[in-house]
Every structure is written in C-alpha cells, then in structure tokens.
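Paired with chain B in one complex and with chain C in the other, chain A is shared by the two complexes that follow.
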Partner chain A sequence: MTAQEHHSPQSFWTKYIWSQDHKVIAIQYSLTAIFVGLIALVLSTLMRLQLGFPGSFDFIDASAYYQYVTMHGMIMVVYLLTAIFLGGFGNYLIPLMVGARDMVFPFVNMLSYWFYLLAVVVLLASFFVTGGPTGAGWTLYPPQAILPGTPGSDGGIILMLISLGIFIIAATMGGLNYVTTVLQARTRGMTLMRMPLTIWGIFMATILALLAFPALFVSAIMMLFDKLLSTSFFMPAILSMGEQLGHEGGSPILFQHLFWFFGHPEVYIVALPAFGIVSDLISVHARKNIFGYRMMVWAIVVIGVLSFVVWAHHMYVSGMNPYFGYFFATTTLIIAVPTAIKVYNWVLTLWQGNIRMTVPMLFALGFVSTFTIGGLTGLFLGNVVVDLPLSDTYFVVAHFHMVMGVSPVLVIFGAIYHWYPKMTGKMLHDGLGKFHFWTTFIGTYTIFFPMHYLGVLGVPRRYYAYENYDFIPESAKDLNAFITIAAIFVALAQLVFLFNLAWSYFKGRAAGSNPWQATTLEWQTETTPPGHGNWGESIPECHRWAYDYSVPGYEQDYLPQNQPGEANA
Partner chain B sequence: MAFAVVLVILVLGSVLFHFLSPWNMTPLASNWGSIDVTMLITLVITAVVFIAVNFFIAYAVIKFRHTPERKAEYEPENKKLEWWLTLGTSVGIIAMLAPGLIVYADFVNVPDDAHQIEVVGQQWSWSFRFPGQDGQLGKSAIEHISTDNSFGVDPLDEAGQDDRLLTSNTLILPVNRPVKLSLRSKDVLHNFYVPNFRVKMDSVPGQVSYQWFTPTRTGDFEILCAEYCGIGHFNMRGYIKVVEQQEYEQWLADLPTFAQSLMSEASEALSVKAKQGQEVAQKKGCMACHGFEESPAGPSWLGLYGANRTFKDSTELIADDDYLREAIVEPGATIVKGYAPIMPKLELSELEVDAVIAFIKERGNRDSDAGAQTMQKNPAEQSKSGAELAQSKGCTACHSVDGSRLVGPSWQGLYNSERSLASGETVLADDAYLKESLFKPNAKVVAGYPPVMPPSQLSSAQADALIEYIKTL
Partner chain C sequence: MSLFHSLTEKPWLQGNVVLPEQKSPERVRRSALKVLLSVISVLFLLFFVAFLMRSQYPDWRPLAEEPGQPLYYQGQLWLNTLYLVLSSFCFHWASVAVKRNSLKASQVGILVGGLFAAAFIGGQLIFWQQLQEQGFFVNHSPALSFFYLFTGLHIAHLVGGIIAWTMALFSLRTDQSRVALCATYWHYLLVLWGVLFALLVSKPETYDAIAAFCGLGQ
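Let's turn to the complex of A and B:
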C-alpha cells in the first residue's frame, strides 16, 4: 500500500470541499478569486459608464460611484490578485515544482482557504447593509473613511475592516505554509538555486506578505477602535458636519504610513510572482534558458528588501515632513535598477531562442510590454518633484493600472493557459485564447495609454463628474467616452475566456502530461492531473536547474529536472 | 509575426499620439518651469527605453521564431553584458534623479521674501486667512470654531486680531511675488491644487502643511481639491485671480480683520463685561454647541434669557441669572428636554461665569430685536447676496441650480414644491422647511439622497438671503 493511497480521501465532501490537498485548495482559491474579480470588473464598467457618459445612468449617483471605485480597487488588489497569486498559483505550484507531496501543514492550508472565503463573504455582505459598502477609496484614509459625508461610513467601513482582518489571517496561514514548504520540503537535489523562478517569486512575495500584512492588520484594528470606541489613533480634533467631535491628538498621516508600509510591498506581493511566472513562460516557450538566472534571483531578493523602504513615495504630497521626499525618491529610483534588469533578461532570453508564439507566450510578452510602460511611468511618480503635478491625477490611475492591473492580469491569464493542461488534463482552445489575448492586450492598451494624458493635463482622480472646469477641454470628454467603450469591449472579451475555461474542461483536446515540453517537475508527474500525493510511488529527484532547454549535445531540446546525467548548473 | 507588427504599431501609434494629443500640460503660470523640465527629461529617457524594449521584442520574435530544424542557443548568462546594462540603467536613473532632487530642494525651501497665506479646507469649500500688519497669523484651533469665528482663531491671541479673513472661494494673489500657502483642514484631508501652478499639497486636520510658488502672470485660474474628501469632493471649487501688487493691496485692505468680523456681527453694543463673556465662551468652546443659531448639540442662546425652560422631568423654570449659573457650573443637573447630557463641567471662575451670563443676556436678547431689521432688506438685494453665499459657502458643490443631479437635490424649482422625505412623509418646501434644512440638514432628508450635509454656518440673516435666492431659481 503506497503512501498516497493511504491518505487519499474517498468521499466527494472530503475530496472537493473540506479538502486538504494543495491542488484542490488552489482551485478553490482561484475560482473564488475569479468570481470576486468578475464583480470588480462589473463595478469598473459601471464606473466607466459614469465617466464616459456622465449623468446618463440615473442609478449611478455620487455615492454609488465612490462605492464602485472603492470596492473595485480593494477587490482587485487584495481579494483577486493577492489571493490568486499566492493562494491559487502558490498553492498549486509550490509542492509540484519543488517535488513535495503536499504543503507542510495541509490542515492549516485548508483553514486558509475557508478564512479567505469568509473574508469574501463579509466583504460582499457590505453591499447589503444600510448605507451600502464603503466609498472611502481603496486606501480608506481616515478621518474621511469613518465620518458621515463619505458613503458607507457606518456598516460598510466596519465590514470592510473586519473582512481585511480575516483576509490577513487567511493569508498568514497560507503564507506560513508556502515559506515552510519551500524551505523544508524540497526534494533531494532541489537546491535553492535550482528552483524555478516562479517559486522564487512566490516565495519572496510570501515573505513580503508575512511582514507587510501585519501593518494593515493593526491599522484596520485601530481604525475600528476609532470608529466604534471613539479612540483617537488617526483622529485629531476635528469638525464633522459642523460639530466638534470628541477625538483629539490622533494623526491621519500615521494611518497613511502604516497603510503604505503594507501597501507598497503589496505591489510586489503581486508583482514578484508575476515576474517569476513570466520568466518561466518565456523560457519554456522560447525553448531557451532564462538569461541570467542568478541575477534574476538576486533581483527578486533585492526588490523584495527594497520594497520595504519606498512606501512614502505614495505620500509625497500628503503633508508629511517634506524632507522625507529626498530619501524615498532615492530608494524608489534605485529599485528601478533590479526591475530594469529583469526586463532586460526577459527580452534577452528571446535572443537566439526558438520562439513558439503560443497563447501563454503571447500573454507573457504582452506583459513585458505593458510592464515596461507601467514601470517607466513609475519613474515619473517616484521622482518626488515630477510627482508634484502628477500626483492624484489620472496619470497615477493609468500608471498603476498598467503596472499592477493589466500586467499581473496578463500573467494570470498566461499562467492559466500554461498550467490549465496540468490542472485538468485538457488544452484550452487555442483560437479562443488568441482572441482573448488580442482583445485584452490591445484593449487595455487603448484604455490606459491615453489616460496618462488626462493626468498630464491635470485632471484629478476620484471625481464623480468634471462639469464646468475650464481647464478641461471638451475633447477630454470624448476621450473619456472612447476609454469607456474600450473598457466595455475588454470586459466583454473576458466572457470568451470564461467560456473557454468551461468548454475546454469538457471538450478540450487531451493535453498529455507535458504538452509544452517543459523541464520543471510539475510536468513530470505520473498522472495528469496529478493524483493525491502528486508523485505516485516515489518522489522525483532533482538533477539539474529548471532551464536546461536546447542544451548542446542532446537530441531533445529540453532536459527535465529529474533526468539524471551531467548537470549544467 | 502578428505580435511584432502589433507591437510596432502600438509604439509608433503611441509616439504619434504624444505629438498629436490635444491633452497637454496647462499653460504654466508659476515659477515652476523647472518641474516641467524635470518631467521632460524623464519623458525623453523613458521614451527611449520604451521604444527600444518593444522594438527589440518585435525584432526577436520575428528573427527567432520557431522552426523545427533549428535549436536555440544555450547561454545561461553573460556577466559582462549584464554589468553593462546595470551600469547604463544606473546612469539613466541618476540623470533623472539628480535634477529632480535639485528642483525638489527649491520646493522644500521657501524663499525668505515669500508672503504667507493660510488656506483652510473644509467639506466642501475653501477659505483663506492673511496675516495683518504684524505679518503673523494668530493661533487657531478647532475648539474656537463657531458661527462667529469660522476660522477658529484664538480670540485671546493678539497676533490674530488683525488677521484678514476671506470666506469666499476666490483668492486674489499678487503677480511675481512668492507666496507660501500654509494649509490647514477643519475636517478631513483635502489637497490644494492649481494645475497651472504645478504644485499641490494635502491639507491635513491637526497639523499645518505648506507649498509655495510665485504666480508669474495675471489671469484667472481654478483651484481643485486633489485629495478625496467625501461625496462632494469633485465639486469643491475655488478660483484664483492673479493681479498686480497694487490691486492686490487694495483688495486686501477691504477684507475684514478678525477683530472686525467679531465686532460687526456680534460684539457691537455689548458692555465690557459681556465682551469678556464672549471671549470666555469662545475660548472655552461653548460656541461649538450653543451660539445664537439653531444648534443640534445644545440649546441656542438666542432669546434664552428670561425664557421658559422645560426640563427632562417636565418641570418648568424661567431662565434667570441663578438658573444660568447653575446650568454652567453643574451642567448635568438641569438638562433641557430634547438635549443629551453631554456638556462637560468647565473650570470657570465666578467672574467668568458672570461674564458669560452677561454675554448671553445682552447678545441673545439684542439679536431678537435686530433680526427684524435685516428682514426689511429688499428681496432682490438679498437674493444677489444669497447667490454669492451659495458659491462661497460651498453649497453649490452639492446643489445644482440648473436641475442637474449632484450629491444633493437641485435648487431649481425647489421653492414651494412637494418633497417626499426618506421617512415616507411629504412636506412643502416653504421658508420654514428650507431654514430648518439649513440648520438641521439631516432632520428631513429627501428620499433618494444621502444624509451627508453639514449644518451650515450662516447667520439667520444670511440664511434668509440664501432662501430668497433659492426662490428665484
């Protein structure tokens, strides 16, 4: 009797619902994340309708608009991107790629998902309380977030803060698992410097999450206290609705420091897994080793560390001591160096490659292009004095949507097209995949590239309407209408993707165990999809790094990591 | 192939878009041309990288596209190339950062000859305070804010007496003179931003932040709030008019000083004792809850002295000296029906209590006579000043005058119309209803609108003027 038979759960209930199998948990995480992501997508479309065609939709009043903005942002950043990269891909890929049978703490892993689901339920419940969900903006800046004058300043904000607290508990339980599994459960021969960059990215991102989320956790609790118990962590003596409140001595800027101490690493919690995954996609589909592997690993580590000392570049015009600006502008521009190296190494990997333009490869290259724009516009905003005119304008909106909206989402799609065959045993439909790529890539580009120019003009963000501002020309309204139409197209194109996911599951071409001829261990499983315990009789042994593509002297253009023989690295 | 073509088209299209775009920076009107230069440097460097990276990808995916007979090259790393790229990137970064930090130093260090103006943000309007002859702004605090003292200037600070106050939303500035704006907020975060001047900064409650610039040409400019401040954020408007120095000085001299504003509204014809009482009442924060208007927190002092009071236990009493003294010294003992027992016990000397009572007596009973006089003003005149008030007090951030829907109900056709309330009742929007809505905005909220309006800080006469204006719409 083998190990995995012994543990294999039998009933539907323990196999798919209360599952402790990392692969099932990964799919639970991913499906839940995609579900809330769709809600956030609909909210963004509603918000665009108001901006493109102001006043045409009666139900979108100012309250509703700000609620859409807030919930769209928070869901996308935390409940979709963070959850799907760590809880989804992290869960699925870590044990398979390092050659483990499961996560180190399967029960805690299961709890992590259920806490995540609870966080989602609490978040969505805020749509149904009196006053609706919070409309404080996703950054939830006090004092405004908890005072009347902001939509959802009663039930909405309270549920939001509670939901974030629960989410952080979930992320911590998951995160401890990922880190421990990477450090303790790698198979024989899988040294750290042989790990695929996907694992490096997820590993470093998880460490960031474990260190950064506590800052958000305490600020959520403090704000709850300010709201419910009238403490004054973030509340100075102020008026609200003409009345003097009982608060005294708190600091609104303290909240911003705590929030961005979490919030900036959060950008890299999303970006580092995306970096890792893209590195692997490009290498596999270009049939070439990733260029400068060691430099890539160091870049991930350096970016991770630096991400903790750049937070206040979100606060150049917050009223903090302006001398901070020198320090944070310098650290922020320094972080551009390892980030640029990553871009160079991706494109240099293409050089002398044998490039297959598969759907995952299209998404990966699309990412390199959008991430380049998003990264470069970051140099405007990071350079403190250039930020003065651009801060709080549509330039910022365009920048962060390019760099941490569109770019990671392209990676998520690429990764799904890439690993779906392993997860289901079926290929996703190629034609639909290409249609999905082209509409999404070109569509998002036409949404966000012109948007930068509204910011250069000085159009401020978080405005419900722009009527009667003399400095905004009529033509800006046409541009807004154009952007809205593009956004609707892109949103509709995602239906094709959903259809593809469902259709291919039943009707897709059989994938076989290694359709992309990739080297990493997850493609070397006995069965596809892998069974409980992943590896059958014995776990694979690792003999080489993850990038032995087109090695001279071999007939085959890839050497799986578990293939014995002379190791090149 | 298709990917390479699309990428090249996107790059060329982007470059073309940049040069053809009608959406450029607003015409510069301040000394911050140097910021525009740093932005241009950044643009050029990043554009080169943007074009290079995309063209490289486009070239590579065509040149190295998959063919079964070829094998990719095997090259794990190339130390030399990697170091050159790192070095080149670092040089590019320094080329952007160094000029950036040099210009930033100019922004951080305000020139010595800058004149200071205080900007006060509140939901959803701006007001401004200028130091008087002494060149110094008086201290201010939230606890001093009242109907008569909307800036919260400390009434006992000598430096504040000659400060000039501007409660309208149009700020006038002299051309070619550096100005330091000290930013303050009464409630939530705001951000003072004039696109043509380039710089912006948050105003934060509980602290003072700053920005500075020199207006370099005369003209009219728009002030925006650039930090989300709640539901009326998008309409928190203000204007700047840049004029010649001489014109500025004339305008400034016409603004009321803090001392005058207290005198003109309230302090005229008060005895010395009552004036002392006024100071005490403002200093101790009494005005935050009481004052001489309708107030949700504590009973109004208007006509209080000598009036009949009904208490929680339904007993009644005439508000005479003894009653007032007890109510001030032992606030919990005598709670008037309809109010919460929230008044704190204050440390007041006997003399101070006497002074406050004198103030309540004189000011509170004078107003009820004087009120009749303002009513005599002709309606057309009132409506004109009402229109100005609607602008300057920020009413129009949420209420349109043309029927369009903003945060609150439009004023067009409002007067004498039937309003369906959130409670299910209907009321007639007559004078009484409008006045009540000004001072107790959340008592009778119209169905479909959020209860987010702050009680207005208007005098009774100003409220009448505003209502006259609403009647004309």
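Let's turn to the complex of A and C:
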C-alpha cells in the first residue's frame, strides 16, 4: 500500500460527500453550478416567451417577469459563471497543472464548497417565500430594491443579500486556496512563466475576486441594514405608497459605485479564466505553441489591474461629473488594447497550425468570434455620447450577452469537452458534441445579433410589455418572436449536451491518459482519472514550458512538461 | 527572484530550472495569511470610502464633538482598547517565547492573550448596551450606523481569530508555527481598531479634508 493510498479516504461519505480532494470538490462545484445554471436557463426561456408572445401566458405577469430577469442575471453571473470557472475548473486544474497533490488547505477548500451550496440553497429558497424572489434587477439598485412595489421586496431581497454574503465567504475561502497553491505549491521547475495560461487566467481572476467581492459584501451588508434596521446608508428621504418612510439623506449613487466596483471586475473574473482556457485549447488542438506567451501573461495582468479603474462606465447615465465620464471612457477604451492583443495572438497561433477540428477547438473558435463581436460593441458603449442613447436599449443586452454570456459559456463547454476525458476516463461523443456546438453557436448568434438592431431602433430593455409605443415598429415584434423561437431551440439543444455527459460516462469510448496529446502535467498522471494525491509515489518535475508542440527535430509533435531534456533549441 | 524578473523570463529558451523543494507549511500559512489580510484591508477600505462619501451629505452628524453625542464619553472604548493592546502584547510575547523554545511561556502568553481578546469583545458589547440604554440605536444617525457596522465587523474578525487561537493553543505542543501567525493577525486587528476608532471620533473637518483629498467632496 502506498503512502497516498494509506491516507486516501476510505468511506463513501469521506470520498464523495465530505471530500477534501480537490477533484471531487471541483466536480461538486461544477454539478451544482450547472444545476443552478439550468434553472437560470429556464427563467430566460420564460422571459423570452413573454417578450416574443406577449400576453399569451397568464402565469407571466409583470412581477414574475422581473423576478425571472433578476434571478436569471444573478444566477448566471455569480452562481454559475464565477462558481464554475473558479470553484470548478480552478479546483480541478490548479493542483494538477502546477504539479501539486492537492490544494494547500483541503479542509478550507471543502468548507468553500459547502458554503457555496448553502448560498445556492438560500437563493433558491427565495422562490418559496411570500412575495417570491426579488425582482429588482440583478444590480439590486436601491431605493427600489427594498421598497414595496418591487417584487420580492421583503423576504426575496433579504434572502438574496444573505445568499450573496455567504457566496462571498465561500469564494474567499476558495480564493485563498487557489492563490496560495499557485504561489507556494508549484512543483520543482514550475516557474511562474512555465505555468499554462489556464492557470494564469484563473490565478488573476481569483485575485480580482478576492479584491472585488468585498465591495459587493459591503453593499449587501449596508443594504441589509437599510432594509432590516431602517438605517440610511443608501436610502434617501422618500415617500412610499403615500407614506413618509424613516430614511433620510442616504445615497443610492453610493450603492452604484460600490456595486460596480465589484461588478466590472466581475466581468473579468469570468473572462480571464476563459482567456486562459481558450489559449490552451487553441494551442493543443492547433498543435502549435501559443503565439506571444509573455504578452499573453502581461495582458492578463494588465487587464486585471485596469478592470478596477473602469467601473463607472456602467454609470454614465447617473448624472456624474463630465470629467469623470471622460476619465472612465478613456480607461475603458485603453483596456481594449491588451484584450485585442490576446485576440490577435489566438489568431496568430492558429496561423499555419496543424488545426484539428475537434469539439473543444470548435468551441474555442466560436469563442473568438463571439468575443470579438461583443468586444467591438463594447467600444461603442465605452464612449459616453454613444452610451447615453443606447444605455437603456437592447443594444446593451446584446453587447453583454455576447461578451460575457455566450463567450464564457462557449469556453465552459469547450473546456468540459477537453477535460471530461481526464475527469472520467471516457471521451464525450463526438457527433453529439458537434451537433451541440453548431446549434449553440449559430443559435446564440440568432438570438443576440438581432438585439443590436432592436437596440439601435430604440427598443428599451427591462420592459415587460411593448404595447402602445409608437416608435417601436411592428417588425420589432416579429423579430422578438423570432428571437424567442431561437432561444427555445438553443435551450433544448442543451439537453443533448446533458445526455452526452450522462451517456458517455457509462458508454463512452475509453479515453486513455492523454487523448489530445497535450503537454501539460494533468495529462501525465499515472492513472486516469487521477487518484487521491494525483501523482502516485512521486510528484512530477517540470522541465519545460507548456507549449512545446511541433518542436523541430522530435518525432512526436508534443513534449510533455515533465519530459527531461533541453527545451526547443 | 523579483517579480519583474520572473515575468520577463523567456520560458521557451530555458534549459532546466529547478526550484527548491516545496515550501514549508509555515511559509504556506504565512502566505495565505498575507492574502487574507489583503482581502480584509480591501473590505474595510471600501467601508471607509463609503463612510467618507456618506459624511459629505448634509444630514451627517458627528459622534463625539459635543456632550449628548453617542461617543462623547469614550472611557469604555479606551478601556477596551487597552484590553486589545494587552492581548496583542501577549501574543507577541508568546511568539518570542516560541522562538526561544520556551513552551511554558508561550502557553501562558497565548492563553492570557486570548482572555484579553475575549475581554475586548465583552467590553465592546457592553458599550453597545450602554448606547442602547441611552436611546442610541443603530438607525439614530448615519455615523452611528457606521459605528455599529464597523465595530460589529471588527468583532466578527476577532471571533474568527479566536477560532485560529483555539487551534494554535491545542496544537502548541506539536506545532508552534501558528503562534507567530496569530500574533500577526492580532497586531493587524489592533491597528485596524485604532484606525476605526480614530475615524469614528474625528471631527467633521477631518472628514471633509480626507474626502477632498480623495476627490469625494461635495
């Protein structure tokens, strides 16, 4: 019996439920995030039913619609995307890719998952309290979020704020582990600049999460005080339902600053892991070293830093000082530079590569397309004078869904198709995967591309119904019906993905230890899936960077990171 | 190796680079503690910014400028501060004792340090009670709301520290490395309390000056 086997968990409970193994925790995080994400997907379909066929469904009244909007947004951004990138992929990949046996604090890592699950349970509990979940919009702006008239302004908003607080505690416990593991538990030879870009992306995103989530925590606590203890942090003197409330002098704009100080880095908390993962997918499946590795790392760091000084571009319409607008427009446009460098480098990595059109590669290419489109519309909205007329229209909905909805989700799918063989030992079905990709890729374009046009027409967002607005042409209503049908189609296509996950687990082709012929350490484990402790008797040493593909003078077209010998000459 | 040097490596050109053996548990824990303190600092920094922004609104009433204001009499708060100073000192003493391999002294230091920390928490709760007896509830004024919020969060962090303290106390015979980490955390919370205390009892002109310096003035 090896030392690792001796210490490995023996019972079902310690192995699969109260597990401290980063791989099990990663799968727990991922399954929970996918479950809650499916709920958000159903909510978005319900919203689309109302928008495409207004008045046809009696159970969708205005309150329900706003509750769907709010819960869809919050779940997707925080409870799905953040959780699956950091808690899911971060947990699974960091120790394996840096050559560690586990996270540095396995017990805290386990607590992180259970706090996350508790946050999800509290959030979902709000569907069952009187008044239902909050319908304040995912930004939860006061004063409306906690006043009567807004759906879920009692139990709903309270549970939302408590849930966010618990989530942030979970994210902090996880984040401490991820950062410390990357800094202190890398194997011999794994210098920072030998780390795969996936780890760089997750590492930087974790730092952003650790520094940005406190702003959400601060605003959630202060709003809870305003709601429960009648303080006036954010609440001004206000008449509600003809009655003077006890609040006085608070500042709703203060909440907006705090919220967006979290909210904009949040975009990059989601985007940076996606950037890193896509870099690795493209390099592996194009059999070529990543173009401009150092610049890719620097771009991740620079984007991370800049993401803290752009938040007020979400607040151009709040009446801020024009000089502030000028400052934030400038920083916002500057952030396009490192981002564009990354896009160029992905394309240049593909250039003259030996491209294998595998399912992960298709999703990676899909991401480059949707991210570029979404990024370009960001340049429009980053300018104050263009943003002002477009701010409350579907143009913004189209922009952020392309850039931080569809794009990261495509990466998540690509990453699952890429690493599922390592997690389970089985390949996902290729044909079903390709069907899933094309329906999702073309389908999401048909949903969100027309929304740009709706936005330019001036169709306002956040409206429950569009009757009796003369400026909205009849054709916009037809387009909305078309978008709804496309959305239903895309939502149903995800069932194929779920079926593939389940079917392949039992019936899938055996993957072997390194089906993609990749260089990084997670593919060099003794067993697949890796056992407890990851590496058997001794941990691997790192002898080269992560991108030795198609190196001249070698028979095989990849050199694993743990293979000794000189790097490419 | 400096960060700049690390980030300018050309990994595709290098031969074998062998790092030292994996880091000791103490170094890993210290690294995690630094990250944790950074997160707590950001949390309170954001609260300070919120406090300063809110202080610039016309309904702001200071807490300690004249008799009748909630924090005008600060005796209890100064006593609590003394408890925390003594607590921090005891942890420092315990930490030094560990370095000198004096297990008994470190045991006494850490135990007494924990008791003084408990006294601080008790003293803060007594002061809350005194305020409430005088009718100064959490929604009395924005500044007082911040007082309850700041002191409550500070206590919450100290309670978290007491969990670490318990672990350090029970593992003292086998692993003394936690004592120094506890000491660092306690010193940090002492400094944090000092900043909070100073901020809460400052004059409006001070807030105006800081706010103006930060570009937050009205």
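Everything that follows uses one rule, which is that the second predicted complex is superposed on the first by the 564 of 569 C-alpha atoms of A that agree within 3 Å, B and C clash if a C-alpha of one lies under 4 Å from a C-alpha of the other, contacts with A are read in each partner's own complex, and residues count from 1 in each chain.
Methods note: a residue touches a chain if its C-beta (ideal position, glycine included) is under 8 Å from a C-beta of that chain, and two chains touch if they have at least 3 such contacts.
Treat the numbers as computed from the prediction; the structure is a model and nothing was measured.
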According to the stated criteria, A:Gly433 is in contact with first (chain B), second (chain C), both, or neither; which is it?
neither
Which superposed partner A:Pro106 touches (first chain B, second chain C, both, neither)
neither
Output check: A:Pro214 vs chain B and chain C. Expected answer is one of first, second, both, neither. What do you get?
second
For A:Arg294 in the superposed arrangement: first (chain B), second (chain C), both or neither?
both
After the superposition on A, what does A:Pro408 contact: first (chain B), second (chain C), both or neither?
neither
Chain B versus chain C as contact partner of A:Tyr547, first or second or both or neither:
both
According to the stated criteria, A:Ser251 is in contact with first (chain B), second (chain C), both, or neither; which is it?
both
One more residue to check, A:Gly304. First (chain B), second (chain C), both or neither?
neither
Quick check on the superposed pair: does A:Leu183 touch chain B, chain C, both, or neither? Answer first, second, both or neither.
second
Can you list the residues of chain A that meet both chain B and chain C?
249-251, 289, 293-294, 547, 568
Tell me, which parts of chain B touch chain A in their complex?
3, 6-7, 10, 14, 17, 21-26, 32, 35, 38-39, 42-43, 45-46, 49-50, 53-54, 56-57, 60-61, 64-67, 70-78, 81-82, 85-86, 89-90, 93, 96-97, 100-101, 103-104, 107-108, 122-123, 141-143, 145, 183, 185-189, 191, 193, 195-196, 198-207, 209, 222, 224-235, 285, 288, 296-297, 404-407, 441-442, 450-457
Show me the residue ranges of chain A that touch chain C in the complex, using the header's touch definition.
104-105, 172, 175-177, 179-180, 183-194, 210-211, 214-215, 217-218, 221-222, 225, 229-233, 246, 248-251, 254, 257-258, 261, 289, 293-294, 297-298, 301, 541, 543-545, 547-548, 564, 566-568
In the complex, the residues of chain C that touch chain A are 6-23, 27-28, 31-32, 35-36, 38-39, 42-43, 46-47, 50, 53-54, 57-60, 138-139, 142, 145, 149, 153
In the complex with chain B, residue positions of chain A that touch it:
55, 58, 61-63, 66, 131, 135-137, 141, 143-144, 147-151, 236-244, 249-253, 286-289, 291-295, 317-319, 322-323, 325-326, 329-330, 333-334, 336-337, 340-341, 343-345, 347-348, 350-357, 362, 365, 368-369, 372-373, 376-377, 379-380, 383-386, 388-393, 438, 441-442, 445, 449-450, 453-454, 456-458, 460, 462-467, 469-471, 473, 475-476, 479, 547, 549-552, 557, 568-569
